[in-house]
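Chains here go by letter, A, B, C and D, matching the order in which they are written, and residues are numbered from 1 within each.
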């Protein structure tokens, strides 16, 4: 079965932004979930952090790693926070 | 055995000051301790509080009720505090 | 340091004074403010009276204890005396530390101890015209060293 | 209310804003201040970066939770973003209540939760010229929901 290809906007912050060398990108991906997409992006950009150390937001709300992605979704991977 | 009579300065604060109608007084007393002196003063001024509800200071330091009093000592009876 | 003050407490200046040390990472402050009610009665103003010499000595002891017990860099406390209106600050405590937990603990320690140990008394003037020295029935019954949170002010 | 601010936090104004309600008897504030050291390295300045939309949403949720959990009248929090020098305030939390215990608890709750939940990151610029996004090894190992007090700032 052929996987659907989606356009997903990914935004990067802090160390991931610097590692990716950009604030955001639109990726065409066959990944169906934030988890699958992270595996792709990690391979492409060499992110150090494993998925287990991140949280993920879809469309500006915290989301589960297995949430199905829809065309045009915006995804942010959230490294351990350090506010305060 | 004749008891020694001492001159003791007693200062009053807050409700005890108002009850005694004065800031301070010098009393001639045969009381040998702050406890004995309080019994005298309570009878004279009608203080409501029992000794168990007070602390006592002698010469501006917290003291025990059975500390022997010396001539010229300054005594303050301290009702439950209400700062803050 | 502990001080009694007849004039208004300058909380902004006090707070700024806490942060002078570059090792400070967290400052915790407590301001006790005159409430418009107590034990169900409407309060119009308050009067604080201190046994000054002993209040200052005991207040300083408490601040010293906080500096010893907790990993803090600075602890300050001021208490107002005289007549206060609703909303005025009766007592201010500040603690600064490298890490916040110690600052919270030191600040709470000082206000908790101050309320049971420092010889300062409070007269409440009620909107109905009455006035009373606050003397908590519970505390009187339990003796001079008991003076839990239920009382009088914050 | 929770806000992000690119300019300096006005802690005095924030503290004054807490006490407006005449039922207030106690105000507790926490200010997280940029320290000159972290994990043994000398720090020259910090940069805070926020995922703004989600940081504000999560910050407001935390403030709402504090208002529900504790008997408080007012809870405020502001967090700085951008470049900060040593001694500047990175985060400010204030809680006002009739009684002090609730104000202490609410203030601590907000800063504790903020530090583990709100998507804000910190880059440390060291006096030796290096710079690093703070990413606690302990926290990374323990997963995204663990972020205890040992870390980074106050």
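Worth pointing out:
Keep this in mind: a contact is a pair of C-beta atoms (placed from the backbone, for glycine too) under 8 Å apart; a residue touches a chain by one contact, two chains touch by 3 or more.
Remember, predicted model here, so these are calculated numbers, not experimental data.
Hopping across touching chains, the smallest step count from subunit A to subunit B is 3. The distance from the centre of subunit A to the centre of subunit D, with each centre set as the mean of the Cα atoms, comes to 26 Å. Annotation: 51 Å between the Cα-based centres of subunit A and subunit C. We define each chain's centre as the mean of its Cα atoms; on that basis subunit C and subunit D are separated by 25 Å.
Residue positions of subunit A touching 2 or more other chains: none. Counting partner chains per residue, subunit C shows two or more touched chains at residues 32, 111, 153-154. Of all possible chain pairs, the ones that touch are A-D, B-C, C-D. For subunit C in complex with subunit B, the touching residues are 32, 48-51, 53-55, 57-58, 79, 90-91, 111, 114-123, 133-136, 139-140, 143-144, 147, 151-154. Against subunit C, the residues of subunit D that register as touching in their complex are 11-12, 15-16, 19, 22-37, 86-87, 96-101, 103-104, 107-108, 111, 149, 153-154. Per the touch definition, subunit B reaches subunit C in the complex via residues 11, 13-15, 17-18, 49, 52-55, 57, 60-62, 76, 78-84.
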